[in-house]
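Below, chain A partners chain B and then partners chain C, in two separate complexes.
Take a look at the complex of A and B:
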C-alpha cells in the first residue's frame, strides 16, 4: 500500500522514572509480562505491516530493544532498529531516519501505544483525503480511574496537561485547530480564516492524540527540513501543519456574515453546543452558533487549500491508551488483563485470570480474577492476589497481599508484606512485613523489613 | 443430399457472401477446384456450366474448394502451388507482401483485366486460381484465409499466397467478419486501391478458425457423400443471400456441426460486445457467491423494497470502517485504485464525470506501476488486473454507465496492443490513451457542449436546472462571461441537496439565482424559458438516465411547453434500451432520506430498520422518456433524442479505438 511504518520507541522516559532505567528502556517495560512495544508491533503485524523501522533513543537502549525484537519476532517481522541520540525529540528522531523513508506516506506510531484501533483505518482515511497528516484521536477514558483512588490526586493534576484542544469540522474529518497540552490556557485563540473556510468548528477537549499519525512523506520532510528547531511531532509538527493548511487562502478571506466571532486578543471562544461533551467538560462560556448563518457552507474547503489535515476518531469501544506516566502504566496493566483482555493475547482461565502452569501456589492462597501470574513464580501459603500482575520467577512468601499492583520479574517478597496500588520493578527485595501503598519501587531496590511507605517513589541512586 | 449441401453452404458464410457478391463466382470456383485438385478439364467445364450441379467436380475437389474458401484446409492448397510453380509463387509473393507498392505494381489488383492477365501467367500453372482472381475476389478471399490459417508459412512462401493476396483484396469488399487478421490488413491496404471501399472485417479468433476447420471437415465428409452435385449447391449458395441459408433446418449431424460452427464465433463476438448480465441481487445463490469473493464487506440491508430486490443494497456505514481496517490487507489492489474506491465508498467523489476521471487516473497509476509477471502476457495479465480493480470499484459503488464505457475503452485498447510492443512502450501507450480519453471525451467534450448550449441562451432567459451538473454549471458561467443577461432557477431535492453548492458557486460568480426545492417545480416552471439538465447517460431509445427527479422536472417542463435541453457528453451514451427506472438503478443509503438535515427533532424514523412493515427507498437515478426531451446537447452537436442511436452507432468504433 505504499506505506512505511516508523515506530518511535523512545528511550528512558522521565515520566516513568523509577520504573524505567538504563536496563529497562521504556519500550521494554512489561505490560502484563510483555514489553509494551510488543503491543504496537503485534497491532502492526495484524494489519499486515511487516516492514518496520523502530527508532530508539540512545545506543544502549537500541541494542537492548533490537535484541529483544530479534529474539521475539525473528521471522515474523522485518524490523530495522535505528538508534538516535537522546533528547532529539520525536521530530528529531524522524529527521534522523528521514533518508530511510521512500514510500509516499509514512505511518508514525509511538512505541508506547496500547490499542486495538486498526492502523489501516487511519491510513485509509489519510489516503482517501489525500491528506498531509492524519492523526488518530481517541476519546479520553472517562471515569476509568475511579478504582485507583490512591493516586487520584496526582492523576488529576497531570491529566489536563495531556489533553489537547482540538477543533474539528462539522463532519469530524478535518483537523482545524490543535492546541497541545502545554499551551492550553484559560483562553484560546482561534484563527478566523479557518472559521471562514469551514463555516463551523467543533472544539473538543475530550479527545486525546494517540500519537499515531499518517504523514505524507514529502510534506513531513519539508517541514522537518524547514524548521530545524521542531522538537516534537505532536507539539510542533502537527500544529504547524494544521495552522498552515489555509495559508494560501488567507489573502482572499472576505468578511461575510457567517462568522459571528469577534476576533481580538485572547478572544473568548464560542463553543458549539454539543450536549455530549458539554456535560462532560466545563470549559469557558458556551454559546450557540447560529445554525442558519453557517447553513450554506457545505462546500467548506475550496480547492485552494494548501493541504488537508485529517483526523480519525476511534470509536468509543476501541481501546487506545498511551503509556506515558506511572498512572498510565498501572491503568494499562489493569486493563490489559481486565477490560481489554483481548489485547493481552492470553487465554483466560475459568476464573478469569492467567496463571502460568509452572507457577506454584501455596495452601489457601487465592488468586482473584483479572490477575496474572508469570512463569515459575512461587507463592507461599495464605497469600491473596487481586487485580495484579506478577511477573516470572518471583518468590513470594506467606501471608502476602498484593492488590492492584504490578510486580515485575525476579522479585522476592518475604512473608507478611502488603502491597497495594504499587509498582515493583525487577529484582526488588522486600523483606518481611513491608507495607507499600501507591509506591513505585525501582529495580534492584531492597526494602528492609517492617518499613511502611505511602505514595513514595523508591529507587536506587544511579551511580 | 441437398440438405447436406445446404448445410455446407451454411458452414461458410463467407462463401455465401462471395457468391452473393459476384454472380460469376461459382463457375470460377469450380474451375479453381479442379485446378487445385488435379483435373484441368473439369475446371474448363465449370466456367461454362456455371451453376449446374453437374458441373461440380468430384466431392473431394469440392471439399477442397470449400476448404480453400474457408481457409482451413491445410494440406491441399499448399501442395498445389508448390507443385505448379515455385517461381510464380515467389513472384506473386513479392507483389503480395509489400502491400501498397506491390499492389500498385501488380496488374492483377489494379483492374480486372490486368488481373486476368496476371492470372494468365498463373493460369498456366494454376488455371482455376487465376480465374478466381480475375473474376471474383471472393473466391480467392476464401482461399486466402484458408492459406493463412492452415499454413502460415505457406502463405508467405507458397504460390497460393499470391493468389490469396489478390483474392483477399477483392474479398475484402464482400467478406463477412470471419476473415483472418492478415486478410483484414491486406484488405485495408488494398481497399485504398480498390474502387469500392468496404468496411473492415473483424479478425478471426482462434476459436473461430477452429470452428471453420471443423466445418470444413464436416463439409468434406458431406461432399464425399454428395458427390459432384456439391458444386451446384455451392453455386446456389453464392446466389442466395447469406443469412437465410445459414440457418437452414437440417436433421443431419453435419448440419449440427455446421450450426455449431456458425454459432460459436458469433456467440463469442456477442460476449465481447455485451457486458455480462447484471447480477440480480434477489438471486440468493449468486449473491452468496459474490459475497464470498468480495473485498468489501457487504451486509445486505433489511427491509428492502420488494420491487427493487434485484438491486444491491447494503447497510451503509458499515462498509467503510470495515474496508478501512482491512486497508493493509488489500495487497493485490493498487494503492491508487484503493484510494479511489474508498472515495467512492465514502461519497467523496460523486458525479459521473469526476468518478470516471478518478477511475481512469487510478488506472493510469496502476498501469504505470504495473510490471508483467514472468511467464505471463501483458495483454492477458493486465486485463485481468483491470478487471479485478473494476470489481473492487463495483463493490465500493455500482459503476456508472460512463465508467462502464471508459472501462470498455481501456480494455479494448489493451486487447488491441500490438504484441511487438515492449512492456514500457505498451504501458506508456495505454497511459497516453487514457489521457487522451479524458481530454477528448470528457474535458474537450464539455467545452464543445458549452459552446453549443450557450447559443441557446439569450438575454432575458430564465433558465432552470436541477441538481448539480458540472456541464450545466459551465454553461451558465460561460454564458454569464459572455455578458448574457439571464436568471437561473435552481431546483434541488433532498437528501443530497447538491444544488446548494452549485448555488453558492453561481451566486459567487454574480449570476442571479432562485433556489427552490422540487416540490415547487410546478410553481416556478411558468416563468422559465429553458431547462438545462445534466445526465448520467443517454440510452439509445433516447431515454435520459439521470439523477432522480430529473424525469419530474422534464415532465413538468414539457407540460409547460418549456424546451428541455439535456447536456451530456457522448461518451456517456449507451446502446442499452431502458423503459423504466426499475430494472437498472442504484439504491442509495435509506438513512439519508429518513434523516432531515439539521432537524434532529424530526427524527421519527430513527429505528426504521426494526419496523417490519416499513421499507425506505432511496433511488439514485431515474429514466426520463425521450418524449419530454426537446434536445440533447452533446459534443457532436445538438441532436434530437431520436438521433442518439446514430451517434452510438457511428461513433462507437471511434470511442473504442480513438
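Take a look at the complex of A and C:
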C-alpha cells in the first residue's frame, strides 16, 4: 500500500506526571509490561504497514524511544525516529516531518492508541472515497468496564466523557461537523450550508476521535503550509478541513475564467423557468451528499465539494482507548489483562492470569484472575494480588495486598503493605505497612514505613 | 403509577371491543393566504383539479379506515355544510361525517378547545386540515403510535413527515413552505426540535447544549416536509383546553410541548416514503399539488378515477392530458401535456393550453394561450388573450387581447378589460381590500365577511352582466379602470403580503432574475464562510495571491477582534467624512460597534483617534507645517466625536500613547511634530495636564529607545509643570 505512517509518540506528557519522567517518556509507559507504543506498532504491522516514522518530542526521549524500537523491532519494521522540540503540537510535529512524506496518502496515528481496529480498514475507506481526510471514530466506552469498580469508574458514570461532537451524513460515511472537547459546553453551532447540502445530519456525541487519521498528503501539507498557527491536528486541521469541504462554484470558476460561470447560470435559469422541470426534479431521486462531489449534480446547487472528509466508525465490539491520563493508564492496564486480553499478545493460564515462569510465589499467596506477574518477580507469603499488573524483578514481601493496581519494574514492597487502585513506578521502595489508596508514586520514590496515603501523587523532586 | 397500570389493563379489553377510529378535519385554514378568493368561498371548497379540496381529504380518510370524521367549520360554515349535504359524504354506510360549527374560533387552538368541550373524541384521533391531499396508509403509523403509547403514556402525538429537500437557493420547499429544521432521535424517532422559522440570514444553526447532553445522537433534518397530518392521543385536546394560549398547532402546541420538560409529553415522527401527503397551504403549493395530481402521484385520487360521489370524471390521454367527454375543441387548438379540460368547455381556433387545468363550462376564444394556469368553472376568455401562471376563478371574463402576467389571481366574477395587462403578482377581486389589516396574522378571516360578501355576489348573480357592469361602474368608476376599460374589480395592493415577498408563495415559478439573485447571495455567503475558515484550494495547487489572502485572514483572526474593531471604526469614520454623515449618527454607529465587539472605551478612543490622525495624514501636504495645519483642522472639526468617549484619565493617556505609537510606527511623518501635536491636543482639551504628566512619569522608566518622544516633549512638559506650580502658587 502506498501509505506512509506517522506515529506521533509524544514526549513526556504533563497529564501523566508522575508516571512519566525523563527516563520514561509516554511512549514507553508499560501496558501489561510492555511499552504502550508497541501496541500501535504491532497494530500497524498487522495491517502490513511497516514503513513508519515515529515522531518523538524532545531529543532525549527520541533517543530512548529509538533505542527501544531498534532493539525490539529491528528486523520487523522499517522505522525512522524523528525528534521534534517539545510543545510543537501534533500539527507542528507533522510539519517538521513533512519533508519525509512522499507517499500519496499519510496515515497519522497517535502513539498512545491501544486498539484492535485495523488501520488497514481506515486506509481502505480513505482510498475508496479518495478523501482528503478519514478519521477513525469509536464509540465512547461508557461504563464498558464498570464491573471492575475502580475508583475512576464512579467518576465516569457521573460525568460521561463527551469527547467530541461529530456530525455525520445519513450514510455515516462523511464528516459534516466536528467540535472538539473544549467548546462542547457551549451551544452548538453548525454550518448551515453544509447541513443544507446534506439535508440530514446526524449529530453524535457518543463518538470518540481515536486520533488515527488518513490524510491526503497534498491536502495535509497545503493546510499546514497555509496555516502556520495550526497547532493540533484534531482541534485545528481536521475541523478546518471539515468546514471548508464545500466550495462555491464561483470562487472555483474565478480561477478557471468567468465564462463558465455564465454558462452555468444560464443553464440553470432555463431549467428553472420550465415549470415542469421544477415539479419533476424534486420528485426525482433525491441527491445525496455524495453527489455533490460531481459538481453540477442534478440538484443544481451551485456548490461543489472541494474535498471529502470521511469517517470510519469502528464497530462497538472493537476496543479502542487512548492512554492520555492517569485514569486511562489504569483502565488500559486493567482492560488489556482483563476484557481486552486478546490485545496483550500473551496466552493466559487456566486461572485467567499470566505468571511468568521465573516468578516466585510464597506460601498461601494467591494471584487472582486478570493479573499479570512479570519475569523474575518474587512474592512473599500470604500475599494477595487481584486485577493488577506487577512488572519484572519486583520484590514483594509477605502479607502484601495489591488490588486494582499497576506495579512497574524493580519495585520493592516490604511486608504488610496494602496497595489499592494505585500506580507504582519503577524502582520505588515501599517500606513496611505502607497503605496506598488511589495514589501514583513516581519512579525511584521511597515511602517510609507505616505511612498511609490516599489519592495523592508522590514523586521525587526533579533536580 | 399503579393506577395507570390498572387503567391500562382495563384499556386493553376495550381495544378488543373496537373503538372506532376518529378524525378531526379542520375545514378552516385560519390563514389568509388564499385571499381574496377566500373572502367569497372557504378554502376547503376551492377546486383542486376541479374537485373541492375537502373531497380529497375525506376520500383519503375513508380509504385509510377512519370511521368517524368531525368536520369543524367556522368561516363560511354554511357553504361547507351545504357542500357536504349536496355530496354523498353524509350518507356513507361505514363512514360517519358530522359537522361541528363554531362562529368565534380564530385559530386551530380555538377549534380544538371547542371540540374538546363537545366531548366527542374517545380515543386516538387523526388531526388533519381540510386541504390535505394524501394517499398514505395510516395503519403502520397508527400501530406505531399505539405501541409507543403502551410503553410511555406521555406519548401524545405522532407527526407525519415526508422527505422533500428544500431548494438550496430560496430555502423553500416545493410546496412553498419555508424550510423547517427538525431534530429527531434516530433510534426512537422522537421529535426533539421543531424550528419553522429558521433564519436565513444566519450562516449557522445553533443547537442548545442540553439537546446534546440528553441525547447521544440527534438527527438534524432540513430535508423534511411537515405533512400537517397528526395522529393524536386524547390528551392533545385536554392540553389545548389547559393551555388556552395555544393557537397555532405547530408554533404554539408542538414547540410548547418540546420546550416544556416538566410534563414530559413526547411527540414522535413517522416518515412516509412512497405515499403522498401534502397540504395546500399557499398558492405555490396549490400549483405543486395540482401538478402532482395530474402526474398521478396521488393515485387513486386522480381525475380519471371516481373517488368521490359527484366528482367529474375525465378521460386520460397520452402525455398526461385529461379531457372530459364533452369538450368542444377546435381542430387547430392544441392541448399540451399535463393539462385537464373540464366538461362543457369549448376551445377556439389556434388556442394553446399547456400545463394547465381548465374547469367546466369555460369558453375559450381563439388564439388564446394558456400556460401553467388554473382556470376554474364558467370562465369566458375572449380571443388573443395570454395567460401565464395565473388562477382565474369562477365566472371571470377576460376580454380580448388581455394579458395576465405570471402570478396573477383573479377572484370570482372579475372582468378584465380588453387589451389590458394585469401586472405580475396582482390579486384582483370584486371586493375592495379590507382597509384595516388585522395585525395579528392568526386572526384570519373576517367574521363578518360571510355577511358582507354575500351582498355583491348575490347582486352579481341577480343582475345581467352588462347591467351589472354599468350599475357598478357609476360608484366604482375609479376602481373599474383598475383592470381596464369595462373591467370589473379592485386590484389589491400587495403590501399585506410583505414587501417583495409575493414571489415566494405565488403560483408562478420563481423568476430567473430572482433566482440569479439568490445564486449570487449564496455565493457571497459561501465565500464569506470560506474566508472564515481560510480558503482552501480545490486541487491542492494554489494561486500565489490567494496564499497571501488566506494568510492575511488567519493572521487577522489571530490578532483577535480588536484589529477588526479598529478597522470598522476607521471605515465608519471615513464614511462620515466623505459622505457627510451627521455627527450623532456617527456617534451612534461607533457606539453600536463598540457593543458588537465588546470593546473597552480605551479601544474606542484609540480607534477614533487613529482614524482622525489618518485622515489628517491623507490630506495633501508638502511640509511639516502643512501637515500640522491639517492635523489641527481635523482635530477641531471632529472634536465632538472624540470627546464623548474621553471619559477618564486612561482614555486620555491612550490618546497620547496612540499618537506615540503612530509617530514611531505607522505614520513616521508625525514624529517631528510630536510635541506640537501634543500641545495642540492640550490646547483643544483632548488631553489634560495630569494625563500628560502621568504619561511622562510612566515613560520615564522605559528604555532609551522609547524615550525619543518623551525627550521631544520635554520642554512642553516642563512648561506644564511650571504652569502648574504657578497656578498652585496663585492659589496660595
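The working rule: the second predicted complex is superposed on the first by the 389 of 463 C-alpha atoms of A that agree within 3 Å, B and C clash if a C-alpha of one lies under 4 Å from a C-alpha of the other, contacts with A are read in each partner's own complex, and residues count from 1 in each chain.
Here is the rule we go by: a contact is a pair of C-beta atoms (placed from the backbone, for glycine too) under 8 Å apart; a residue touches a chain by one contact, two chains touch by 3 or more.
Since the model is a prediction, treat every value here as computed from it, not as a measurement.
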Determine, under the contact definition given at the top, whether A:243 touches first (chain B), second (chain C), both, or neither. second
Of the two partner chains, chain B (first) and chain C (second), which one does A:369 touch, if any: first, second, both, or neither? neither
First (chain B), second (chain C), both or neither touched by A:203: second
Check the residue A:129 against both partner chains and state whether it touches chain B (first), chain C (second), both, or neither. first
Check whether A:121 is in contact with chain B, with chain C, with both or with neither, and answer first, second, both or neither. first
Let me test your reading of the model: by the given contact rule, A:307 touches which partner, first (chain B), second (chain C), both or neither? second
Mind telling me which of the two, chain B or chain C, contacts the most residues of chain A? C
Partner chain in contact with A:191 - chain B first, chain C second, else both or neither: second
Overlap of the chain B and chain C footprints on chain A, residue-wise? 299
Complex contact set, residues of chain C against chain A: 163-166, 168-169, 171, 174, 186, 202-209, 211-213, 215-223, 288, 291-292, 295, 297, 337-338, 355, 372, 389, 509-512, 515-516, 519, 522-523, 525-527, 529-530, 532-538, 540, 542-543, 547, 550-551, 554, 558
The chain B residues in contact with chain A across the complex are 321, 323-331, 335, 338-339, 342-343, 346, 348, 497, 500-501, 504-505, 598
Chain B contact footprint on chain A (complex, rising order): 1-3, 47-49, 104, 118-121, 123-125, 127-130, 291, 295-296, 298-299, 315
Spell out the residues on chain A that touch chain C in their complex, using ranges where they run on. 162, 165, 167, 184-193, 195-197, 199-206, 218-219, 222-223, 226-227, 229, 240-241, 243-244, 246-252, 255, 265, 268-269, 272-273, 275-276, 278-279, 282-283, 286-287, 299, 301-304, 306-307
